[in-house]
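The following pair of complexes shares a single chain, subunit A, combined with subunit B in the former and subunit C in the latter.
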Partner chain A sequence: MTTDLISSLETIVGSRFVSGAAEERYLYSMDQGTMPPSEPDAVVLPATTDQVRQIVLLANERKVPVVPMGAGLVLSGLTRALRGGIIVDMKRMNRIIEVNPASRYAVVEGGASQGMLKAYLQKHHPELKHSMPDAPPVATVAGNVCIHGSGHLSVLGGSHSDMLTGMEVVLPSGEIVRTGSCGVSGQWFSRSPLPDLSGLFLGWAGTTGIITRLGIKLFPNYRHNDVLIFVAEDADLMPEMISRLTSVQAAEDMTPWMTPKPDWARGFLHINIAYGAHTKKELTFKRNLLQSSVREYIDRKIAGFLPLPPPQKGRFLKIPSPDLARFADLRRGGGFEYVGAIMAIEHFPKAYRAGLAIAEKHGVAYSLGARIIGAGHCMMFFFAYAFNRADPEDVKRASDALEATNTAALEIGGIPWKAELPAQKQIIEKMDPDTFGLMGRIRSVLDPNHIMNPGNWEK
Partner chain B sequence: MQPIQYNPDLCIHCETVDCLMKCQYISFTGTEEAKTEKLKINGGEESRVLRECLTCYACQEYCPFDNNPFYLLVERQEALGILPAPRPVVEEQLRMMAPKGRITPQAVSGVVVDMCAFPMLTGCIRGKLFEGATTIVGTDIFCNIMWLHFAKNSTIRERVPRIIDNIMHFYLKDSNIRELICFHDECYGTYTSVADAYGIDVPFTPVHQFDYISGRLNELQDRIKPLNVKIAYQRPCSNRLVPHTDKALDEIFEKIGAERVPRTYDRETALCCGGVPRAHQRDELADELVEKNIDDMIRTGATYCVFNCPFCMATLAHEVAERGLMPILVSDLVQIALGE
Partner chain C sequence: MEHEEILHRCFRCGYCKLPGNYVDINCPAYLAFGFETYAPAGRMWLLRAWLDQKIEAGQRFAEIMFSCTACGNCVEQCAFPEFRDRLLLAFTAGKEALLEAGIVPPEVRDYLTRIQTHGNAYGKPVKKSAEWALGLDIDPFSDQEYAFFVDDAGAFNPRGQEIARSVALLLKKAGISLGVLQDPLVTDGNDVKAMGETALFEDLAEKNIQVFQARNIRKIITLSPHSFNTLKNDYPAVGGQYQVFHYTQALAFAMKRLAFSAYLPEAVVAFHDPCYLGLHNADYGSARMVLQAVPGIRLTEMDRNRKNALCCGGGGGNFFTDILSGGEDTPARARIREAAAAGAQILAVACPLCAIMLEDAVKAENLDNTLRVQELSEIVTERIDFQAP
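Now for the complex of A and B:
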């Protein structure tokens, strides 16, 4: 059956772009996170929307699972083939199709990476940029939008799914749909004013279709960029501080962080605030706005901005930021996972304390932090744990800590982001049954043979 | 804990109150008001000076009687809990710069150059100028004078004896060396002026970089190719503690053919680089100081902006370069003149 499947796939994409070899299946069976491996039967790399369509039709005919995959960097095991089948690796579909500078959007293929889009814009449209996540640059734009990712312009533009302007999607049944303005006008400027079908593919962990193209908002790329680091000692004041800093609407990105390493940082709460401007004067004006928003705390001497001479700022202005990747290798052995939970800003103190308590109880190396989404509309609070993949006990400790964190996040009122399988089940438990029922009915309509990334979002 | 050495009677009878009257950052209606504020400070009372002070160190130089007005001011700020910067900002820096106990014994030879806590500057110790020199560096020998900017005399009292001990114990003692070249004014100021005023023993002889370089230039006289350039010097706050060393700097410039152009903001009227006010959360004032400094340098037609303090350099170098001047450290400028 597998040999037959592979030769059928070869007919679609050519033999170089299909593999059922043991070593390939092994590599594609896992990501860097704590989820146990699960092997696909085959891996295929399509080059066109039509090839994707043919693969999906074939899978339907054979009742074989299909798992869409970008760079496989989600860390929560969402691109593992839980029930075997075909992993559709989108990396060959990596073209930047269009950039519209007037309406500030780009259209890219479903496998285009963050790094490629960034490089393309730098070369052809240096006046524009897109919101980069801190993931390694090989992460795909589509994979990140799919999971409601966030990045360096998230205070300005919200989560990356908010920046989506439309999609071309191959449905599990093989039809090709276009959501947003591109479905009507041929241009990719907006998801409004139509019924917003994009939501059928966002947050579903690849269970509703394969995105082959998408439009994404672009923003001004400033000549002058700066970062401030605000430091405070009282977690209870963080929501108000965040609220004030975002209220002046000067920042592009705001990322609180709390780590026990280096030693000097232990116990303090920091907020990196990145902002940019066309001129130095405008940059100073924005800095003054940000600083005056929290002047009251400064005058009370309970919080302030760290003095950073210009040469020290470079590291904090790097996009993507190398800091999380550096932390990822803290224990050596390349194991790293974080629970990100989307939650309301006012839960910051509770989330912080829960993170500290869990790290201490489970004896894991931790890094806590958040990314503010929108003008203080919500945040992605993350609890990161580094572990040594070669040490089963270390893996167990980290995965216990993650489970406890998911539970704590849900108790606080947050929702685990890009939830791994056990967390999905925890969310479903808390979700009201009618809503979960609707999710099931939508899936049955879109995917009657239940071939798309099965095992996810199921009870 | 030994109190700061000063004589209150000198202040009571002081007619000029130069310490405050010459202050470039706080204005007074006249000597009388300045005197009133100074006596409040001496008496351990609240004074607006304690809150408005930029901690530029200059009053330490302005006092004609060496009556340690600045050290006393910092003492009073700390006693009254008047923090120039927010607590977490100070606390994090205190931790960053704390001695880490990672020091190990090292045999040293030749001239020993103390690079304070700036490992990135050890590359400056090279060529004929520093031939045969050994450098020592790290937070375990950090001079800790910076706490004068943060109302932390207690940290100076606690850490300075320890780092002096580290320098002796891990480096100088076993190598039988008693002289220490201080690359930075701050270290020299610590082991001379601060140590004196705070009653801290220093078992070695600190030598200022300028004195060392000036002496060395005499030995290397035939190698000097005069630069024939105009330079603007950015005098750092810590030089206020050891103003006599400024003369050695003049000698250096003369020997290498660099003209130290007269600036509005040099020597006694030097202006803060702007770095410290940022830590004090006074960025708008810092911007103003940066601009005044650079405008002033440009006006002089200088080619180089010369620094001795690495922190001033980090604060200003970028903007200085953007506006067309070449930022450079004293020792590097000398090395150019030596053809190195």
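Now for the complex of A and C:
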């Protein structure tokens, strides 16, 4: 069966780009997180939308599972082939198709990386930028949009899925659909005013289709950029501080963080506030706005702005920052996973305390933080744990801590983001049954043979 | 396996796949094949799995490991300080372990066998290693300041021989005192070492060192950046300590001695940084100094240049084993497309292996009518005014 499947896949993409070898099956069976491995039967690298379509048709004919994969950096095991089948690695489809500077959008292929888009814009449209996640630059634009990611323009533009302007998707049936304006006009400027079908593919963990192209919003790339770090000690004040800082609508990005290392940071709550401007005068104006918004706390001497020497500012302004990847080496063991929970801002204090308690209980190296999404509309609060992959006990500790964190996040009122399998089941338990029922019916309509990333979003 | 204690520390973040400006994939093997297994992180995880007996090593495993061109992009771009310094060492150790286990791609086995048997990758008698210079107006080495070392590509490959002759004559024209070694020389061993055949490398190095010592050689100019790298960095540990220069370094400071024709058309030239001059030895200036000294040459840069340069795909022995060949996204073909996109009329190279790889690629890309791959000394020589005093 597998030999026959591989032979059929070779007919579609060429023998160089199909593998059923033990090496690929092993490496693609897992990601960097704590989820146990699950091997695919084959890995395939399509180069065109039509090849993706043919792969899906083949899978449908054979009733073989299909798992779409971007850079494989989700950390929560969403691109594991839970029931075998074909992993469709999208990275050969990495072209930047179009940039529309007047309407500020870019159209990219499903495997285009964040880094490539950033480089392309820097070279061809230096006046524009897109919102980069904190993921390494090989992360794909499509993958991050699909998981409702966020990034360094999320205060300005919301989640990355909010910045989506349209998609080309290969359905499980092999049909190719276009959501948003591109489905009607050929341009990719907006998801409105049509029925918003893009939602059928956002947050579904690849269970409803394979994105082959997408449009995303671009934003002005400022000539002058700066970062402020606001420091407080009382977690209970954080929601109000965030509310005030976002109320002046000057920041592009706002990321609270709390870590025990370096020593000077322990016990303090920091908020990095990134902002930019076309002129120095405008930058000063925005800085004044931000500082004035929290003046009361400074006057009361319960919070303040951290003086930052220019080299350190440069480090905080580096996008993407390799410092985040380096967290994985905290335990000298190459392992790193986190629960990112989307939740209301007012739950910040509870989330913070829960994170500290879980880290202490499980004895794990932690980093806590959040990214504010929109003008204080919600946040992605993350509880990150580093572990040593070579030490099974350390992996178990991190895994237990993650599970406890998912439970705590749900109890607080948050929702685990890009949830790994156990967390998906926890979410489903709390989800309104009719809503979950609708999810099932939608999947049945789109994917009657249940081939798309099966095992995810199931009871 | 040496360095095995670092394998599990790789997070697979993927910085190693890219250049520092993120413009495209910059790991040659990963670019050519696309599977995660062929990226540096994939190799790290596979080696760990093999050592942990979670996976058996077979021919594909060996092909993955030996597809590494040892270009050093991963070392340059890895996000983890200190750890990254050991990346290539770990890959070399992995290859060494595979060699010991007898799990080797046939192309690698044949390459190493030829070198073991003949002392060079071409299977030629080493006594003919100076024949490339027959009839050339360059003296045999006696008491000149520099010995010119051309390695087996310069000695036996027809295109390499052309380049060796061109470089030797230009160095002489620039007033550099050099001579050609008439003694039987074996290959430098650089790529043998990168393949993990440490014992064979040491044997090769010792043989060459014996020749150098017998001739009382102190200063060497190399044709190949590969030779420059290993003679400079590896031979001292085997007992051979020399002042080693790549020919671009010798030329860079002698250019003012050359007179150039005044009426040559302007040419837009991009320089392809060879890995063993650039990434391994941080010389990004010499070749550009040479080109900038030539009237009528306008230097342009490809998106991936200097520390971000893309390997031609010929490093780590791949020039001979050809493991990366066969697709549209071979590094050499990608490099040609990049040069064309940069508006270059000439892609300048300073390594015989790069020259041959890229000359093949420009034909494969059907760009040979608009883009010329040219070795640096040939570019300079074309513009010299030989009538000038």
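Here is the rule we go by: the second predicted complex is superposed on the first by the 459 of 459 C-alpha atoms of A that agree within 3 Å, B and C clash if a C-alpha of one lies under 4 Å from a C-alpha of the other, contacts with A are read in each partner's own complex, and residues count from 1 in each chain.
Assume a residue touches a chain if its C-beta (ideal position, glycine included) is under 8 Å from a C-beta of that chain, and two chains touch if they have at least 3 such contacts.
Please read these numbers as outputs of a predicted model, since none were measured by experiment.
Chemist: After the match on subunit A, would you call subunit B and subunit C a fit or a clash?
Modeler: Partners fit side by side after overlay.
Chemist: Which touches a greater number of subunit A residues, subunit B or subunit C?
Modeler: Ranking subunit B and subunit C by residues of subunit A touched puts C first.
Chemist: Let me test your reading of the model: by the given contact rule, A:M116 touches which partner, first (subunit B), second (subunit C), both or neither?
Modeler: Touch status of A:M116: second partner only.
Chemist: So, A:G440: does it touch subunit B (first), subunit C (second), both, or neither?
Modeler: A:G440 contacts neither subunit B nor subunit C.
Chemist: Looking at the overlay, does A:I302 come into contact with subunit B only (first), subunit C only (second), both, or neither?
Modeler: first
Chemist: For the superposed model, what is the least distance in angstrom between any CA atom of subunit B and any CA atom of subunit C?
Modeler: Between subunit B and subunit C, the shortest C-alpha distance works out to 18 Å.
Chemist: With touch defined as at the start, can you tell me which subunit A residues reach subunit C in the complex?
Modeler: 16-17, 19, 21-24, 26-28, 31-32, 43, 45, 71-73, 89, 91-92, 113, 115-116, 118-120, 122-123, 136-139, 322, 325-326, 328-329, 332-336, 388-390
Chemist: So in the complex, which bits of subunit C are touching subunit A?
Modeler: 8-15, 17-18, 21-24, 33-37, 42, 45-46, 49, 54-56, 58, 60-61, 64, 79-80, 83, 303, 326-327
Chemist: Give every residue of subunit B touching subunit A within the complex, in rising order.
Modeler: Result: residues 83, 85-89, 91-93, 95-96, 275-276, 278-279, 281, 283-284, 287, 311, 314-315, 317-318 of subunit B touch subunit A.
Chemist: Quick check: in the complex, which residue numbers of subunit A touch subunit B?
Modeler: 231-233, 262-265, 268, 284, 287-288, 291, 297-298, 301-307, 309-312
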